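Each of the two complexes below includes chain A, the first together with chain B, the second together with chain C.
And now, the complex of A and B:
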């Protein structure tokens, strides 16, 4: 499916799920997302993670509603519990099947997002490994100068923010020196197709979700 | 018009201190020009002005202007190899650049193929740029410029963290670009060896001015640089009386799935200054990161007869210091004064009392910069300050990763003198990674070469 449409669909699902109290639709969505991920051959270990990671917050929410809310509303507790899994699995359905670059290209070509925004975000994503290493380096630099920088130390954040500012400036200069000009048309080497099939999947999915949500108990 | 005209240009980052003053130059197109001068003399600044990045990204033109020949395109390669890519792999970056130029999609594969081949990095096309060595990144950066087919190529200290092999290789390719494809190439470099017969003119930067040198002066400069680079220095091999201070036992260091270093039993020795050399990407910096526990490794790194992993991080950081390749990584405060105060308070190197510190600051030309924000210093000034700060800390072992890159010869000699003076009072073990070998002969006691994943002592460098 077209990456932008996939994102759009997941956003619509997330919104709709947030404003409804419907257990069936949550379970259906989780099941569909799992089946989708299975067809994309996701590593079993990752599946384990996707189940385990949200488990604690989900249980915490469940307990709060089921035991400590005035109505002891078990149904609503299950709705909230499953809602968290809807977010996680539909989210994974995007992140595990689409690279950030594909999504960026699709957003630019299909949804006509300004390229500045699309590539700026992408460049920031590509900076993440560098950011991790930078934090490690800052702490080492501190220790070697006799200062222990803890996670809440202002100096750590000052340095990290400074890094971010210089990097964003350098990145802008780098993009520009590789021919990037704001608001100028660009060609694209990989056309991200937006087919009738994408439209139908999107529309049919949305209709199906409405039917289940409002027609079924 | 067949030259880049710089007319009476005065440019300043801060209004009162112009970086360039009344600069008037004509740089011919279809030719190779060198910008030569001390660190902080304005080479990078003029380059960024030519590239159109300044004053857009800072500073102001107070007077004069720059005119490029009509229709000629400009692209620039930066000093920090890691910070010039918006995307993750060479292939993607090349596609991004060509899309920006609005090249039709069907023409891209051939262009990309040609550029990768030209720079000899076909095998790296889908590798993550973030995991590449500085030399590989610079070749990828050159590939982008080649693919873009720009008329004017500006290269700011492109070889600053590259060994001689890659440097020669890149210079060859640039020569080809110039002679066969008639590109205008401008390189800023503090080290002039290997340019003889290539560079048509040298522009010398000094005291905010920039001047074209005449043919005789240029040639003399290039010749003496070549002579210096060809000199071989002799050092001794370790002797039986040397005491090991850092020992690698069955250590394996990897990068991705590539083995970089395998050391069964290799020692660095106490109170010696050891030069560590090896081609780009062989893993010299990775070794330093392993020793300081910033990167993972297998095996045991023994410090003073103790497994270094068993020493508390806080204590270990007081034993082994790391002078990072990027000077700004070392800084913790805002101004030069604050940085010095911190090192003075926490440092344990007895050499740096008040008088010696004042003398050191003067020697390194940092004495008038005390109120400056460290991030606003030039690259060379940052390097000098960084080294001074870490010398003051006085760890028994100091690992220095390219501490001299971006320094001109004059600054280099002063830095070496300072290290020697400090060592006389307070001996330290130093391991130095440096591509820059001129001017180091006084400093180096031992030489270790890293090749084919093995470390070994050598008698010359």
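And now, the complex of A and C:
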């Protein structure tokens, strides 16, 4: 499926489950997302991680509603519990099957997102390993001088922002020296197709979700 | 002084996305806080307190971006692009992250809108603290079931306001002061 449309569908799902309280649709959506991920041959370890990672916040929400709220509404507690898993598994259905580059190209070509936003963000995303390194280095450098830069220390953020300023300068220059001009029409070597099939999957999925949400208990 | 250009250029966009992602990366160093606070507050019958007390950390990128670029739209973009970046690398919260990023972005943007984009000082910081608290709380009202908490919302709301004030107000102002003193944001390419 077209990456932008996949994102659009998941966003619509996330918004809709945020504003409805319906257990059936949540369970159906989680099941469909899991089946989809299975057909894409996702590593089993990832499933474990996807299940465990949100467990703590999900349990916190559950016990708050079920035990500590005036109504002791167990049904609503399960709705909120499963809602978190809807977010996580439908989100994984995009991120585990689509690369950032594909998604960026699709957003630019199919949804006509201005290229400076698309590639600017992608450029920053590609720096993430270096960002992590830099934060570690800054903390290590501080420790060598006997200064502990914890996560609430302004100095840690300040030094990381200095890196960001340098990198954003260098990246923008690098892109411009390779012929990138913002707000100029672009041609693309890698075309991302947007077919009638994508449209029908999107529309049929949305209709099915409405039917399950409003027709089933 | 030349008229300030409020357009976003490639360099600004990369910078805002980077700042958003950096704040996300540092947040993960403190992610255990959420669990620790939840464990501490559950016996006090306030299990969601961890969510409220750490909320300020999530929302720091927006006001920071506003203070750095001093342009309308910067707080929104800083918060949203950071969330988009985290979603792109496969952050487990996925697309929901994009939506909360947009909500938090609008929330901190509003604080600067209400002061006419003229107060990049304590007034702006307090204003963005208040709008971010109210808007994100309203969002959690629907999304995380806060409408069911009844009287306890007084505690949750105060906890969140406190967290926002500390992270989005005090901490952001301290970082801004360091940036101001170093003159790194004074170069014309950022203020053209």
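Here are a few things to note about the model shown:
Please note the rule applied: the second predicted complex is superposed on the first by the 216 of 217 C-alpha atoms of A that agree within 3 Å, B and C clash if a C-alpha of one lies under 4 Å from a C-alpha of the other, contacts with A are read in each partner's own complex, and residues count from 1 in each chain.
What we mean here is this: a contact is a pair of C-beta atoms (placed from the backbone, for glycine too) under 8 Å apart; a residue touches a chain by one contact, two chains touch by 3 or more.
Since the structure is predicted, the reported quantities are computational estimates derived from the model, not experimental observations.
With the two structures aligned on chain A, chain B fits next to chain C without clashing.
Seen from the Cα centre of chain A, chain B and chain C lie 80° apart once the structures are superposed, a value rounded to the nearest 10. Contacts of A:155 after superposition: both chain B and chain C are touched. Applying the stated contact rule after C-alpha superposition, one finds that A:197 touches neither chain B nor chain C.
Of the two partner chains, both chain B and chain C are touched by A:123. In the superposed pair of complexes, A:112 makes contact with neither chain B nor chain C. Which of chain B and chain C touches more residues of chain A: that partner is C. Of the two partner chains placed around the shared chain by superposition, chain B and chain C are both touched by A:167. Judged by the touch definition given at the top, the superposed model places A:175 against both chain B and chain C. Contacts of A:40 after superposition: neither chain B nor chain C is touched. The overlay of the two complexes leaves chain B and chain C separated by a minimum Cα distance of 5 Å.
Contacts of chain A with chain B, set against its contacts with chain C after fitting on chain A, overlap at residues 119, 122-123, 155, 162, 167, 169, 171-172, 175-176, 180. On the chain B side of its complex with chain A, the touching residues are 48, 51-53, 57, 75-78, 80, 82-88, 92-93, 95-105, 108, 130, 144, 148, 292, 294, 313-314, 317-318, 321-322, 324, 328-332, 342-343, 345-347, 375, 389-390, 393, 395.
By the touch criterion stated above, chain C contacts chain A in their complex at residues 8-15, 17-19, 21-23, 25-27, 29-30, 34-35, 38, 42, 45-48, 50-51, 57, 64, 68, 81, 84-85, 87-99, 142-145, 148-152, 167, 171, 174-175, 177-179, 182, 184-185, 189.
Chain A meets chain C in the complex at residues 7, 10-11, 13-15, 18-19, 49-50, 53-54, 56-57, 60-61, 63-65, 67-71, 73, 76-77, 80, 83, 87-88, 90-92, 94-96, 100, 103-104, 116-117, 119-125, 127-128, 131-132, 135, 151-152, 154-158, 160-165, 167-169, 171-172, 175-176, 180, 182. Residue ranges on chain A touching chain B, taken from their complex, read 101, 119, 122-123, 126, 129-130, 134, 136-138, 140-148, 155, 159, 162, 166-167, 169-181, 184-191.
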